[in-house]
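Shared chain: chain A. Partners: chain B in the first complex, chain C in the second.
For the complex of A and B:
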C-alpha cells in the first residue's frame, strides 16, 4: 500500500510539476494565434522529455552520478566547461522567467506592483531551498501545481465545438489566416523548447541522486515519467485550447499573464479563477525551486564540490552560495523592469538552442555498457533517441535564424 | 612538437587570405546592418508597422471589453480586472510609441495620423474602464463597453484603409 501511494504521489507530482511559466505563456500565445494547429509539437515535446528524463533518471540510478558529473567525465573539463557556461546561462534565464512568473501571478491576484513581489518571491524560494527537505519541497509544489487542471475544467465548461478543435489540431503545417509560416515554425521551436527545457533533466537526474535511487527504482522512474509527463502535457494542451476557444475568435493576442486566465474566468467564475491563479503560483514557484537547484547542481557537479539538499547547508556551502547568487542575479535582471513574459519567450527559444548540449552526452552514456551494465538503452529507446537527436539538432539550429527572420514571432 | 606558422608559408598565406575575407564579410555585415537602421521607412514596411501597431491596439481593446464584461457578470475579482486593464494600457502605450516613431512615405502619412488618433481613442476607453474597476467613475458597464466597441471599430476602419 505504501509503495502504491509512493507511485501515485510520484505520478501526481510529475503532472503538477510539468507546467512552468514557459509552458503557460507559450501555449497561451500559440493557442490565441494559431489555435490548436501546433498541438502536434506538444506531443513531440512530451515524447521527447519522457525519453530524455527516463534516460537521465536511469543513468543517475544505475551509475549514481548526475548529468553534469557525467558530462565532465565524457567531454573533458574544457568542452564540459563551455557546456556549463551555456547551460548555466540558459538555466539562469529560465530562473529569471520563473521568479518573474511568481511575481506576475501574485500581482494578478493582488494588483500590487510586481517589483515588490519579485523580492518576496525570491526570498521565499531561497528560504524553501535553505530549510525544506527535498522530498517535501518536490511533492508540495508538484501537488499544488495540479490545480492547473482548472484549465481543463474551464475547457469543458466553455463547451467548445470539439470537432472544430480536432480539425485545428489536424491542420499540421497550416497556420490560420493572417499568420505567417515563419512565425508558425518559430513558435513550433518555442513550444518544443518549452516542453524540453534542459533544467528538467538536471533536476531529474540530480533528484535521483538526492533520493538515492538505485537500479531497483527504475520501474517507478519509468512509470512516473511515462504517465506523469503525458498527463502534464494534456494540461499544456488545455491551456492552448482555452486560448483558442475564447481569445482567438476575438483577435486577442496574448502578451500578459492576465490574458491567459480570462478563459478560466469566463468558464468558471471567481472560484475557478482563484484555483488557477494558485496553481500558477505553485507551478512557477516549483519551477523556480527546480531551476535554482539546477544552477547549484550544474556548477557544483562540474567543479566537484559537495552538493545536494540531503546535506546540511554548512556541508554544501558553495552549492548553496551558487543558488543564492543565481537568485540575486535573477532579481537584479527583473528589477530593471524587463518584461518577465519577454524573458520567458527568450528562455524557451534558447532552451531549444542549448538542448543538444545535455541531450547528446546523456544519449551516449545511456548506451555505454561500462556505465550502464545490463541497463543500457534498448532497441526502441535507441531508435527513438536517434530520431530525437535529429529533431533536437534541427530545432537548435533553426531557433535563432527563425527568431531573427520573424522578429521573435511578431511577423 | 607542433610546427610554428613561420615554418608553413603556404598555410600563413591561406590564413591571411582567410583573414582578409573575414574582415570583408564583417565590413559588409556592418554596412548592411547600418543601412537597415536608416530612419525613412518604405511604403510596404510602413504599412506592416502601422498594421502591427493597430492589431496590438485592437487586441488590447478586445481584452479590456472582455475584462469589463467578466467583472460586470461577477466572474472576476477587481484586482485581477485592474491588473488586466493595466497590462492593456501598457500594450496601448507600446502601440502608440511604435506609431509615433514611424517616419512613413507621404502616401502613408494620413493613415498613420488616423491610426494614432484611433489608438488615442482606445487608450481613453481602456483608462476609463480601469477607473470604473477602481470605483472612480460614474459610467456604467454598458457605456464603457460601447466606448470600447467604438474604439475597436475606429481601429478596424483604419486597418481597412491601410489594407490589412
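For the complex of A and C:
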C-alpha cells in the first residue's frame, strides 16, 4: 500500500511539476494566435523531455554523478566553461521569469503592487531552499500544481466545437488566416523550448542524487516520467485550447496573465479562477525552486564544490551562496519593471538555443559503460535519441534567425 | 591486491582519467574537481624528457584559470593535494583524508564561516524534520 502511494505520488508530482511559466505563457500566446495548429510541437516536446529526463535520471542514479560534472569531464574545462556561462545565463533568465510569474499571479489575486510581491516571492523561495526537506518541497509544489487542471475543466465548461478543435490540431504546418509562416515556425521553436527547458535536466539528474537514487529506483523513475509528463503535456494543450476557443475569435493577443486566465473566469467564474490562480502560484513557485537550485547545481558541479539540499547549508556553503546571488540578481532584474511575460518569451527561445549544450553530453554518457555498466541506453532509447539529436540541433540553429526575421513573432 | 596496486596495473591516461574528475574526501564529500596536475621527475626534481616522471599532486583553485587561459600559475599560488592522499582512481578520485584537513578548501570554509553559518538556520539539517 505504501509503495502504491509512493508510485501515485511520484506520477502526480510529475504531472503538476510539468507546467511552468514558460509553458503557461507560450501555450496561451500560441493558442490565441494559431489555435491548436501547433499542438504537434507539444507532443514532440513531451516525448523529448521524457527521453531526456529518463536518461539524466538513469545516469545520475547509476553513476552517482550529476550532469555538469559529466559535461566538464567530457568536454574539458573550456568547452564546459562556455557551456556553463550560457546555461547559467539562460537558467537565470528562467528563474527571473518564474519569480515574476509568482508575483503576477499573487498580484492578480490581491491587487497589491507586483513589485512588492516580487520581494515576498523571492524571500519565500529562498526560505524553502534554506529550510525545507527536498522531498516535501517537491511533493507540495507538484501536488498544488495539479490545480492547473482547472484549465481542462474550463475547456469542458466552455463547450467548444470538438470537431473544429480536432481539425485545427490536424492542420500541421498551416497557420490560420492572417498569421505568417515565419511566426508560425518561430512559435514552434518557442513551444519546443518551453516543453524541453534545459534546466529540467540539471534538476532531474541532481535531484536523483539528492534523493539518493540507485539502480533499484530506475523503474520508478521511468514510470513517473513516462506517465506524468504526457499527462502534464495535456495540461499544456488545455491551456492552448482555452485560448483558442475564447481569445482567438476575439483576436485578443495575450500579453498579460489576466488574459491567460480570462477563459477560465469566463467558463467557471470566480471559484474556478481562484483554483487556477493557486495552481499558477504553485507551478511557478515549484519551477522557481528548481531553477534556483539548478543555478547552484551547475556552478558547484563544474567547480567540484559540495552541493545539495540534503546537506546542511553550512556543509555546502558556496552552493547556497550561489543560489542566494542568483535570486538577488533575478529580483534586481524584475525591479527594473521589466515585463515578466516578455522575459518568459525570451527565456523559452534561448532555452531552445541552449538545448544541444546539455543534450549531447547526456546522450553520450548514457551510452558509456564506464559510468553506466549494464544500464547503458537500449536500442529504442538510442534510436529516439538520435532522432531528437537532429530535432534539437535544427531548433537551436533556427531559433535566432527566426527571431530576427519575424521580429520575435510579431510579423 | 589493494586498490592502489590494481590502479597501478591499469593504464591511466592523465588527461582522460584524472583531469576534470571529481575529487571526493574519505567520507565521500566533494572537495574539488581536478583542475591541473603537478608532474615531477622520479627524484622529485624537474621533469627530464625521456626519464620517468610521476604525478606529485592534484592542483585546484587558481589552476582552473590557467587551464582556461593558458600559462602556468606561480608555484606560490598552487593549491595542492599531495598524490599520497589519493586512495582510488575511478569515475571519481577518492582521497584518504577529510576535506577539512586540506588547505585548498579555504574558500568553502571562508564562505561558511563568514556568510552561511551566520544566517539563522545555516547549521540546520534539512533532512531531520
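Heads up, the rule we're going with is that the second predicted complex is superposed on the first by the 411 of 411 C-alpha atoms of A that agree within 3 Å, B and C clash if a C-alpha of one lies under 4 Å from a C-alpha of the other, contacts with A are read in each partner's own complex, and residues count from 1 in each chain.
As a convention for this text, a residue touches a chain if its C-beta (ideal position, glycine included) is under 8 Å from a C-beta of that chain, and two chains touch if they have at least 3 such contacts.
As the structure is a prediction and not an experimental result, all values here were calculated from the model.
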- Put chain B and chain C onto chain A via the superposition and say whether they clash or fit. fit
- Now for A:337: first (chain B), second (chain C), both, or neither, which partner does it touch? neither
- Query: First (chain B), second (chain C), both or neither: which does A:109 touch?
  - Reply: first
- Please determine whether it is chain B or chain C that touches the greater number of chain A residues. C
- Angle chain B-chain A-chain C between C-alpha centres, in steps of 10 degrees? 120
- Message: Contacts for A:63 in the overlay, against chain B (first) and chain C (second): which applies, first, second, both or neither?
- Response: second
- After the superposition, what is the least C-alpha distance between chain B and chain C in whole angstrom? 14
- Residue by residue on chain A, keep only those touching chain B in one complex and chain C in the other, then list them. none
- Query: Mind pulling up the chain A residues that touch chain C in the complex?
  - Reply: 63, 65, 69, 72-73, 76-78, 80-81, 130-134, 300, 302-307, 309-315, 317-318, 320-321, 370-371
- Message: Give the list of chain B residues in touch with chain A in this complex.
- Response: 52, 55-56, 58-59, 62-63, 66-67, 70, 74-80, 82-84, 86-88, 90-91
- Which positions of chain A touch chain B when the two form their complex? 107-111, 246, 250-253, 255-259, 261-262, 265-266, 269-270, 273-274, 277, 410
- Residue ranges of chain C in contact with chain A within the complex: 19-23, 29-35, 60, 64, 67-68, 91-92, 99, 107-109, 111-112, 115-117, 119, 121-127, 129
